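Worksheet: one structure, shown below.
Labels run A, B, C and D following the written order; every chain starts at residue 1.
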Amino acid sequence: MTAYLAKRLAVGLATLFVASLVVFSVLEILPGDPARIMLGMNASPEALDALRSQMGLDRPVVLRYLDWLTGMATGDFGRSYTYSSPVVELVAERVAVSLPLAVMALTLSTAIAIPVGIFAAARRGRLSDTLAMGAAQVGVAIPNFWFAMLLVYVFAVGFRLLPAGGFPGWGEGWGGLWQGFKALLLPAVSLALPQAAILARVTRSAMLEVLGEDYIRTARAKGLPRRAVLWRHALRNALIPVLTILGLQFAFLLAGTIIIENVFYLPGLGRLIFQAISQRDLIVVEGVVMLLVASIIVVNLLVDICYAVADPRLRTGR
Amino acid sequence: MSLLEIENLSLTIGEAPILKDIDLSISAGEVMGLVGESGSGKSMTALTVMKLLPHAARAKGRVVFDGIDIVAAPEAAMCRLRGDDIGMVFQEPMTALNPVKTIGEQVAEGIRWHTGANRPDAEARARAMLERVGLPEKQFPLTRYPHELSGGQRQRVVIAIACALKPKLLIADEPTTALDVVLQAQILDLLRDLVDENRMSLLLISHDLAVVTEMADRTTIMRHGQVMEAGETARTLTEKVHPYTRRLAEASTHVPERAKPADSGPGETLLNVEGVTRDYPIRRASLFSTQHSFRAVDDVSFSLARGQSMALVGRSGCGKSTLARMILALDRPTGGSIRFEGERLENKSEGELRPARRHMQVVFQDPYGSFNPRHKVERLVAEPLHLLDEKPDRARRRELVAEALEEVGLSAADMEKYPHEFSGGQRQRISIARAVITRPKLIVADEPVSALDVSIRAQILDLFADLNRRLKVAYLVITHDLTVARAITDRVMVMHEGKIVEEGDTNTVFDRPETETAKALVAAAPDLDRALRMRLARVSGG
Amino acid sequence: MKTFATMLGAAAVLLASGSAALSARTDLVVGVVLEPPHLDPTAGAAAAIDEIVYANVFEGLTRIGPSGEVEPALAESWEVSDDGLTYTFKLREGVTFHDGTTFEAADVKFSLDRARAEDSTNAQKVLFSAIESVEAFDPTTVKITLRHPQGALPYNLGWGDAVIVAPESADANKEKPIGTGPFKFDNWAKGSSVTISKYADYWGEPVALEKAEFRFIPDAAASVPALLSGDVHTFPNLQAGDALPQIEADPRFEVVIGATEGETILATNNGKAPFDNLMVRQAIAHALDRDEIILGASAGNGVPIGSHFSPANAANIDLTDTYPHDVEKAKALLAEAGYPDGFSATLKLPPPPYARQGGEIVASQLREIGIELEIIPVEWAQWLEQVFTNKDYDLTIVSHTEPNDINIYAREGYYFNYDNPAFDAVMEELGATSDPAKRKELFGTAQRILAEDAVNGFLFQLPKTGVWDAKLEGMWENTPIQANDLTKVRWVE
Amino acid sequence: MSLDPVFTPAPERHVLMKALANRSFLIGLVVTGVIALMALVSFFWTPHDITRLQVAARMQGLSPAHPFGTDHMGRDILSMIMIGARNSIAVAIVAVGIGMGLGVPLGTWAAARGGWADEALMRVNDVVFAFPALLTAVMITAIFGPGAVNAIIAIGIFNVPVFARIARAGALSLWPREFILAARASGKGKALITIEHILPNIVSLLLVQGTIQFALGILAEAGLSYLGLGAQPPMPSWGRMLFEAQTRMAVAPHLALFPGLAIVVTVLGLNLLGDGLRDVLDPRLRRER
């Protein structure tokens, strides 16, 4: 297993390196001069030149790449061109929104989807199964931003139960925490619903797949009733494809919340990068993309570890 | 008084009738053999007793086990019976165990469930049971996972699960079909011992008449969901009252008529294998450890004359298929040389191999997997024509295909059909037609009949013998089944752990094996006549 | 405009009476569209900076009032020498920066010299171009000497780019602005909000609010629900025009359509064929239906303009009928110019809704006379690079929000590629004139030249759609300068 | 029953009968057909001309003349949705086409070639999969300029590894099969075997994945358009219609309702079609126990 994980880790690091090359070279060809953006329409050429050399934009590309790379290795992602503050600080502030949001959405979707999936598989072909899977089918088809729009108008504008958007920060004490939680609730729900629909379908089909295996018959031949077979034998085996999807969804949630962040004007990573792209704040874009790539690699690694925990066949050999 | 009494059992799945008026009874301590070809309904009969039928299945009739009406019994009652009073062993040991649970858990689970024993007690009993089935704790602790065991060992675990609570009835559904002959003999011995020790009844389901004869006191023969004949094993199979019984028995021991091996001494050499070795790298344990390899074929040398029919026998995993693939130039040897008609094969490019390939064809085991399901028979059979230097035009191609089909006992009209429209035996004929269409000098046949039912298998063996005689084609037949080797080959090579350990005239080797490997193979091979003789001796003696 | 002035007067009286209820709340959440890149108004052009710190955190010698008038701020008063070349400013006493340091003449000299310096990154260096020298006479007196007379100096010094900073803290102002205003900077949650709070030691009249938060809501779509759900108390300029009727109908809110300094124009590349042809530009002007554009791009709010001048300005003359909407005439002009079948061109649109939606309508209207426009949406960054800097464009829609910026048409190499010596002469004369009547006349001439030359398609004055909680008062109704002055804002019950 | 992912196909005529008897497939086919028909008809006819804006008639409610009302520019929403379907379908089809066109040859080539080629492909796949898809699509369109073509490329790029992976997995499971060995024994080269034997046997696998990617492509296009990065005006797109509707939802909710429903119905139809296809083509998933 260590060999397996070591290989995955090595591949992950190589991927990260290649990604850094791709990201840097692609962003270098971006049109737009950050100095011009910072100083605006009426800025004088001298002022622009002064700012450019202040930001190090007049240095050769290769040198800038190497600086950037060594900087990242030591935790220094550079300074934002637009917000003259370190990229690390900016990102840290945004992660404080994006990560809890992703975790909330994932928790919510898992909490809904897995029981529904198991339930539907256990009651295959009955009305409850048909209804649950019909709902899931529709859920998969709903664009999350449209769902978010509907939620805002019902719960924020209509009933005024929850904020329509924005993020007050995590604040002090339980009250502050509650405020932050409330602000993330609607976004989390709108992210979670389509995810839950997919997950429920995957769970159900994974369960059905497993329920058709020979060892399920062996377990039944031992005299275990259906329910015990479902929980003791089928679930853990069905978990493996479910884990794959969970890993993918978490990776999606970390970065793919960009539209939802726009709907709820949350200061998350997605919007940071969206803004940074439009303001040609290259260093921020590069930093955030690398961070996301790294976190996706880490998530995949975690999924690999979970596989090994769930499936003893991966622990030895292979 | 019977332990299990089945009367007038009928079963339908959806609209399809599966079983019709089955009668069957097993007394306490009795071994009942249930024989039939695929689709005869023998497995469904067993599953009816366990009440583990598919959703859409409906059973009618009387099934009484130990005074309990199984057809009417509620699920809870069945749960109490299963694993406690009735145990079941399945065919496929590789998939019958839950891959994510240890063998200890899986054996102990049933014990805990039925007896309410606490974990240590259940584990102690599981340990004893595993020990009993030949998996002592020292080598096979309870914490082992199924994937760490071989097929034979897994089947022992399955038997341990089934017998853990000493059921009154053990149902074994083709328990040895997936195993090689030596393992088969071991598992059958184990089953017999367990049944004797615990005074269990055994319902042994098998397609193999020899296996049943060896094991069963009484035998029931099924076909198309109906019982053909039932009775004491020895008498049923010697008297062969029912025509189907007779056909089955004859097919099991069928030996095709063959020309005497060419007396003209050793003929011209067709194939010469010289010191061939094949290594496979083993995945490294860590990035830094040295690369190890596994030697699948180890310094094998032999030669095959024109028109000669040679068998390559050995237990599963001994390297016989790897050797065959190298001869077919589908795989390259690590060392050594292979000459076909004097030309070396192992260092040639695909283009250079074409002349050799034209004279060397292959027949595989699985008649289902050896055809592209999307092509018609015409295209399938014509595929090797690709090797001809002059590609025949369409009319000529159809002519050749028709010829080849007729050669193997099919009709020319069959070329318009898709492979799934044929039965297994017919497909194997198509497979042979494909092999002979280029008039090859050598056909390599990898387990050509082991997926077929006995009666069909006899026909295919006849076909092989016939083609050998008529077309003077040489065979290299790879098989684990000695009766097949005896039936169609003149010479035999016995392979063990990558090496050829014994070689000689087929009958000589099998009648007087010299090496341990050959002796074990011969001893383990089920033989209907021998089993019948022994059973008769036992009956008259005891 | 008169009504606004009256209302303001009334508000001022009300405030002076000082009858605010003691129990009134003292916090405020202001919704703004753009997040500033940093918070130093002397080092960047972004309006978003001034919209937070101007008058709230930073003050200059003078300041611009709600109607665009120059008011004293850190300078109590000033005198102009007879030749118009020397200004003497008398500074207030007892003023301190938020870090406790005192404000004196040296700070003024430091700030203005810093802004004028060679390596200065001040975006509006042109404001200080006339200044020859700045001298601190004594701690409360500053003398500014000019190279040539400049009547607009007190006005220029009221810009956000001319605020007074302290040498001790100037370098850190981008992140942690320290000024002399009635509010001090508290916190900046990047991507979310900036918080300011009451500065206890303010020299002037203390503000009513204890705390104010500027929340960034870039997405127009999100601002309406934010307002309706009470998350945000006011949007000084709400971008969701079509939702206005709903908000107006809601008694919780007050909606005031004011004016900005934003002349929204269909900017035209006068240096590029076929737009170098006057007849083509005239044809375009005839083809434009301003009412339809205002309806679609700005929900019907906004005053049509006929030249590059704010209708709120006293010197404005109505030139919207120079080339009235007339499709037939437009077609005829186009044919006469040599394009009887029209032509194709591009229309680059920056992100604001007035541009994107207005662009769709303009494209539809020009299609009527045979001009096929390909719409190319661009980010601000690309717009600045492609359109503004490289002049690589045919047409674009943009709002020029700087006040009194008609002089841009005289700038050499400005992105319109417009060159008219007659207009340049008018501007030159204007620069040297301080007589109000004469100035007004010159402004009129300038407007007329631009209108007749149809330099750009002059569309409408961008409205300021102020929306606030009905219990709030003291919000600005117009935007004479980019600012959200909270100094007079208070809650009333 | 074998566990390999390649479907064991039934004869073609049989499949059609089975397909038409499958409820998911039938509903999916009808829904997708209606949407496609709508898009086709829009080339020749729409209820109203949407190129000439009638701003004065903006945001009208539902009426016989405008069954879905008019938008903020006075355009007929039904006509917009019809033409928008064109855009959605075109973007998704081309994106899937790019994915299949590049991914399938790559995947089957890697499977046939094995060794370093296979390893290299999988590593490249790793790199692509490490980039958050939607975000990267946003970046691509933002960098190269918003528009339908760039949206297609951005969505298409992420389809390439998906199809490469599926084609490779399918091909890998086929290569050791006996009928491939038989073909090799007949002297056929890897390219010929891939074309004659591998491709026809993974086609159903690709078809099913194709409908899934198609549906995802429609959702992705809607997302990009919502952010203003998809097709540009005057070409209507469902995503941008939603974006434009958002500020006006309280005033004119029908502006958001119909484009949203159009997306849901289309994606639902495609998913049903895909599910149906899978049921029909892959008997493994249909086994009961």
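Convention: contacts are C-beta pairs under 8 Å (C-beta built on N, C-alpha and C of every residue); 3 or more make two chains touch, one makes a residue touch a chain.
As the structure is a prediction and not an experimental result, all values here were calculated from the model.
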Item to check | Co-neighbours of chain B and chain A - touch as defined | outcome: D
Checklist entry - Higher C-beta contact count, B-D or A-D? => result A-D
Checklist entry - Which integer distance in Å separates the CA centroid of chain B from that of chain D? => result 45
Item to check | Inter-chain centre distance, chain A versus chain D - centres from mean C-alpha coordinates, in Å | outcome: 23
Checklist entry - How big is the gap, in whole Å, between where the Cα atoms of chain B centre and where those of chain C centre? => result 88
Checklist entry - Using mean CA coordinates as chain centres, what's the chain C-chain D distance in Å? => result 47
Checklist entry - On chain C, where are the residues touching two or more other chains? => result 221-222, 228, 351, 379, 382
Checklist entry - Residue numbers in chain B touching 2 or more other chains? => result 55
Next on the checklist: Show the residues in chain D shared as contacts by 2 or more other chains, in ascending order.
Outcome noted: 142, 246, 249-250, 289
Next on the checklist: If we use the touch criterion from the header, which chain pairs count as touching?
Outcome noted: A-B, A-C, A-D, B-D, C-D
Checklist entry - In the complex of these two chains, what residues of chain D are touching chain C? => result 51-53, 55-56, 58-59, 72-74, 142, 145-146, 228, 232-234, 243, 246-252
Checklist entry - Inside the complex, what are the residues of chain B that reach chain A? => result 50, 52, 55, 75-76, 79-84, 87-88, 90, 92, 95-102, 106, 109-110, 113-114, 145, 147-148, 158, 161-162, 283-287
Item to check | Partner chain D, residues of chain C touching it in the complex | outcome: 220-224, 228, 239-243, 245-246, 292, 295-296, 351, 356-357, 359-361, 363-364, 367-368, 375-379, 382
Checklist entry - Touching chain A in the complex: which residues of chain D? => result 123, 126-127, 129-135, 138-139, 142-143, 215, 219, 222-223, 226-227, 239, 242, 246, 249-250, 253, 256, 260, 263-268, 271-272, 275, 285, 287, 289
Checklist entry - What part of chain A is in contact with chain D in the complex they form? => result 11, 14-16, 18-19, 22, 26-27, 29-30, 137-138, 140-143, 145-146, 149, 153, 157, 205, 208-209, 211-212, 216-217, 251-252, 254-256, 258-259, 262-263, 270, 273-274, 277-278, 285, 289, 292-293, 296-297, 300
